[in-house]
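Multiple structures follow.
What follows is chain A paired twice: with chain B in the first complex and chain C in the second.
Entry: the complex of A and B
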């Protein structure tokens, strides 16, 4: 029997999958140079390696005490560091949520509701996310499992209905542009997997083997994404290369029997991912804030968080140029890499130095 | 309130307590040379039993000896055919009389005797009305809780079947039985249910359904984790899984707690059929749930926002049909579903004798005349018909389904697939969040419990199921 209020590691990785999948669906290629079709088939290798490397500090943090948190270490250093961590991670989460929401809105206003003003829709999404976040991690975890199943079915449908259109002449050999752009793509893809930072605060709420699960998750996700990119390249060829949302271009080609355009229905399933991702970010950021500044009313945090996401998203989607610059600047990935790897590594190093200092001091006495 | 030594005085006090109610009957006679009074409620007792087993032996002096105490002789020998207890408190005696017992006061005695002589008109055991089965038992629960106990005992002949009696309702003092199998039911679960029932604080308990919100706990949800059944065989099978049954006197519906989401798609007939057919039927029920909740909303959303989803010939037919109606498609969908709900409600509430009239009005006016007059498009009518038939398949979920359906039509008509899927997301989260008894309502699907999959969405062969007794403990998280 599991403890109440906890989720299984499988449910947690389902949550991460849902978050990652929507980022993948709404992925926009801003740097085509480093992303040749041939490279995509083997992208999972650098993705999984870099992903795991990025996660090493987080894994050390949670491994220090059995499923401990970043705050367990930062509190022993200084309460100020804990507060700084809480603020940094909340801002990081806020930024990530706003960027992904803006991406999703761009996707919707491009393909589902061309030219429509979707602020009201996003506000509805944010309100719904507050309701889910309020119900806690158990609800989010269980919902993620169901949504993962739906996403799996929709992806399988898209893949199976397009497999007949696969043309190997559309493919190109891997590493045609050399290893550097390929590794760079893998590095950036892994750096965008910011959700794993949630482990730093949610680890005590997860049952099961997190480290092993994370390895399997990176590998499975990498292979799935690579396979989908491989399919996209083989099916859409040069046409796909010119599309803003590549997976959508594959979805458009799906048809079954008399239903020739089920893409809107399939894309609607992705709305579930976006909703759950937002709820997960809200919940995780509230956990970070709770760790840094003890408070009870999480509902207020969720409400403020959703309002902030809306404001930031509205700012980002105000002009396409601004949003495009934000996406192509690499700053996004740098922030996530810093929060996922650099900050925990710095806290671990400070903790180590502090312990060594006291050890030497004791030895001197 | 203590008894007086005078039988007459006690009987009078009791009469006053009942406010001089006409159905309170008192009889005065002599027992072993002492004045005695019986008090009972007319219609609540078995008159034959009172005459043959109590009054006749009491008034026959041969049964008594002056050498021994009258009380001792009454207790020891005279009335073996009826249950007998002694009471000192007049309030307790009044409650016993309300429950259909007979109170006997004898001059000079400190205690009164309470004879169990309940005998009131009972409804016979009928076939279940709301849970029809093709090959299952034809017996259903009755309004009398003692009959229901017998019906259950006949199906679970084990001393481990326990019935705990409690009274709920400040005024009604309705008998409520908690039934469970002592070796299979989790003690914590039992305590939780007992606690919630004790805390109801209600004045009268009109039926078992009234207890549902108290069992569900605090979090508001569209779904309840307590289910109904009027089938003793269904309750018996649920008790065997470690669940708790709640039988309320005066209600032919027993409550089952916890009741999982997947249970709404199960029927006893599944276990009497082949496993492949049972799996097919269960999948069909799940599909009917999806159709009855989402189809009208998806149809409205597809027609208004995403017509490309529909096959082109159907899209053209719908467009042509809708062009002839004066209302928007969303309004049409809401209106026609509202009419369907009105017809359904009328069918439930009106006298059976005029039921056919409403059916004719519903079928002709709504079904034919509205389309002919050009108020409603024929495709929308087909959607309603399909929805109505599908919702009948999962009738236990009707309340939730009706609400969700309306919400999805409105949101789908206003925002398209986006809004519908946001609502579906909330719905999934709602189902996943219910867990009032420590067992997730969405189990064994999410959280996924591998061992319970043999009897979840699909049903394995009975030979496989027989090897593993499914227990609720497997589903606890």
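Entry: the complex of A and C
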């Protein structure tokens, strides 16, 4: 029987799927090197490998005590480190939420409401996300399960209706630009998967096998996204390469019988995904702060999060130039990689050194 | 709970419905077809739009005369020309219903990228709308009254789609057209549309006269009806087709019910070799000789042989024109070579089209599926 306030590992990975999928839908390819149509078909291999490598520190943290958190370890080192971690992860989470919101707004103002000023809509989205986040992980988990099902059905529909348009001559051989840019693409794709950092603080709220689930999740997600990119390239060819939102251009081509505009319905699912992602990030940030500063998050905290996300989003979406400069700088991935792997690894190493030091000290006595 | 209820009510009453900016259908200019003609300075765009006022009323719709409205806008660029819509009509353009873009001859001969760039960027335009080239002016095609009860753009779109389904013409959606145009070794192509007199002297009807090929941004040449059929076989675009052939025993009309073209790429010590295999299943829908006669084994074989000869000749003629004369890699040999063996592909690319042409074999396998109820 499931404990109160906990979700199953399946629901948790559904939440991660929703977060990652909307990032993929609104993904803009800034550097095509190492991301040729042929590379995309096998990109899941480096993506899954790097993704799991990044997650190793988090998995060690979870394994230290049964489903423990990063703060359980950092507290034993110094409360200051715990507080620093709480602040860093909260800022990283808010930044990531703002980047994905800016991406989503760019998609909305380009595809759904061209030319519209959508700050009001995004503000409403943030307000709704606060409501979901306040309701806790169980609500988000249940919603994610339903949304994942919707995503699965919509992606299956898009894929099946486009198989007839697939032309393998639109593809290119893998590793056209060499292995290094290809591995770099896989590395960056994994580094962008910042959602897995939530494991560092949410593990105690998850029932079931997290480690096994994470492996399956990385592989399934990688294969699905690779297959979709492969399909996009095979169907749209050079045209797709010119499109800002490649998956949307494939969605537009999906039609069957009297259903000629399923893209409008699919976009509605994407709005839901974006809302859930924002809520999940806010909830996780609140958990980081709660873990670091030992308090219970109230509405005011979420309101501050919401305002911070809106301010960052407003800065990012000021112009496409600013947005692409930030995205293509690599700083984004560096921040995520540091938070996902470097910081937890450093805490684990310090803990190990400390324990060894005390062990030796005891032995000397 | 109360807060949630209040928020829900707030959202229902204040954030639903259309904005005052003009999302109502009557405030939108529903664009059905766009004709692009090149003028000395800039472009003239002829828009066939749905008359939303008369389309909603039964009497007018059946009369048909007011179903569409034609507008012409001019500008230095396509985007500039289209930006005049709201000013001139007081309506907001709705591109999502656009069915076809027709490129005028002068426009096709100048720079198709300049003419189509707007449509590549504008997200409201569906990427699967059809592209066609006009034999003369696109404005004439788009503005001519073609039918009674449906918008003229629907007739134009249907006639191309029907033509493609029956192996008479190519149908080219925008995304494929752009895909071919952007690729270094391919060439974009689309059907050529003209108008001819209909039974009703007041009316005209669309007529597809061949396939226009674009090379280096502009119209290069046009394939005729017969060559277009060969092209359809080469590009595996034949779904159904009907052709009448002369055999030793009489005249047969064959209905192709299925067709599949496969191109096999083989790497040999001399380079790449391509084999184009066409598998065709046909029904004999008519056999004319002296009197009513069924198809016995001998005649079926004769039909099969004559059909095979005919199709092979169609394909060979088109292949010879496209590869031998025009140097168009319509079968995407280079891309196939690249996928087969990327290292040798560049070497292959440096060869001339004559060598590509020489390195290809064409095979046709025709099967007679049904011969009708008359069994002889």
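Here is the rule we use: the second predicted complex is superposed on the first by the 362 of 365 C-alpha atoms of A that agree within 3 Å, B and C clash if a C-alpha of one lies under 4 Å from a C-alpha of the other, contacts with A are read in each partner's own complex, and residues count from 1 in each chain.
The working rule: a contact is a pair of C-beta atoms (placed from the backbone, for glycine too) under 8 Å apart; a residue touches a chain by one contact, two chains touch by 3 or more.
These numbers were taken from a predicted model, which means no experiment stands behind them.
K.L.:
Of the two partner chains, chain B (first) and chain C (second), which one does A:139 touch, if any: first, second, both, or neither?
P.N.:
First partner only, chain B.
K.L.:
Give one of first, second, both or neither to describe whether A:124 is in contact with chain B, with chain C, with both, or with none.
P.N.:
In the superposition, A:124 contacts both chain B and chain C.
K.L.:
Thinking of the overlay built on chain A, is A:11 touched by chain B (first), by chain C (second), by both, or by neither?
P.N.:
Touch partner of A:11: chain B, not chain C.
K.L.:
Which partner, chain B or chain C, is in contact with more residues of chain A?
P.N.:
Of chain B and chain C, the partner in contact with more residues of chain A is B.
K.L.:
For A:268 in the superposed arrangement: first (chain B), second (chain C), both or neither?
P.N.:
The answer is first: A:268 touches chain B but not chain C.
K.L.:
Of the two partner chains, chain B (first) and chain C (second), which one does A:276 touch, if any: first, second, both, or neither?
P.N.:
Only chain B; A:276 stays clear of chain C.
K.L.:
Which partner chains sit in contact with A:147 here, chain B, chain C, both or neither? Use first/second/both/neither.
P.N.:
first
K.L.:
State whether A:106 touches chain B only (first), chain C only (second), both chains, or neither.
P.N.:
Touch partners of A:106: none, neither chain B nor chain C.
K.L.:
Just chain B (first), just chain C (second), both, or neither: which does A:259 touch?
P.N.:
In the superposition, A:259 touches chain B alone.
K.L.:
Of the residues on chain A, which ones does chain B touch that chain C also touches?
P.N.:
Residues 124, 131, 261, which sit in both footprints.
K.L.:
In their shared complex, at which residues does chain B touch chain A?
P.N.:
Residue positions touching the partner: 219, 302, 305-306, 308-314, 415-426, 428-429, 432-433, 435, 438, 440, 442, 445-448, 473, 476-477.
K.L.:
Using the touch definition from the top, list the residues of chain A that touch chain C in their complex.
P.N.:
Residues 110-111, 114, 124, 131, 168-173, 176, 236-242, 249, 252-253, 261.
K.L.:
Which bits of chain C are touching chain A when the two form their complex?
P.N.:
Checking each residue of chain C against chain A gives 4, 7, 11, 15, 96, 120, 122-124, 126-128, 174-176, 178-179, 182-183, 332, 335-336, 338-339, 342.
K.L.:
Hey, which residues of chain A end up touching chain B in the complex?
P.N.:
So the residues of chain A in touch with chain B come to 1-2, 4, 8, 10-11, 108, 112-113, 121, 124-125, 128, 131-132, 135-136, 138-143, 145-147, 258-262, 264-265, 267-269, 271-272, 275-276, 279.
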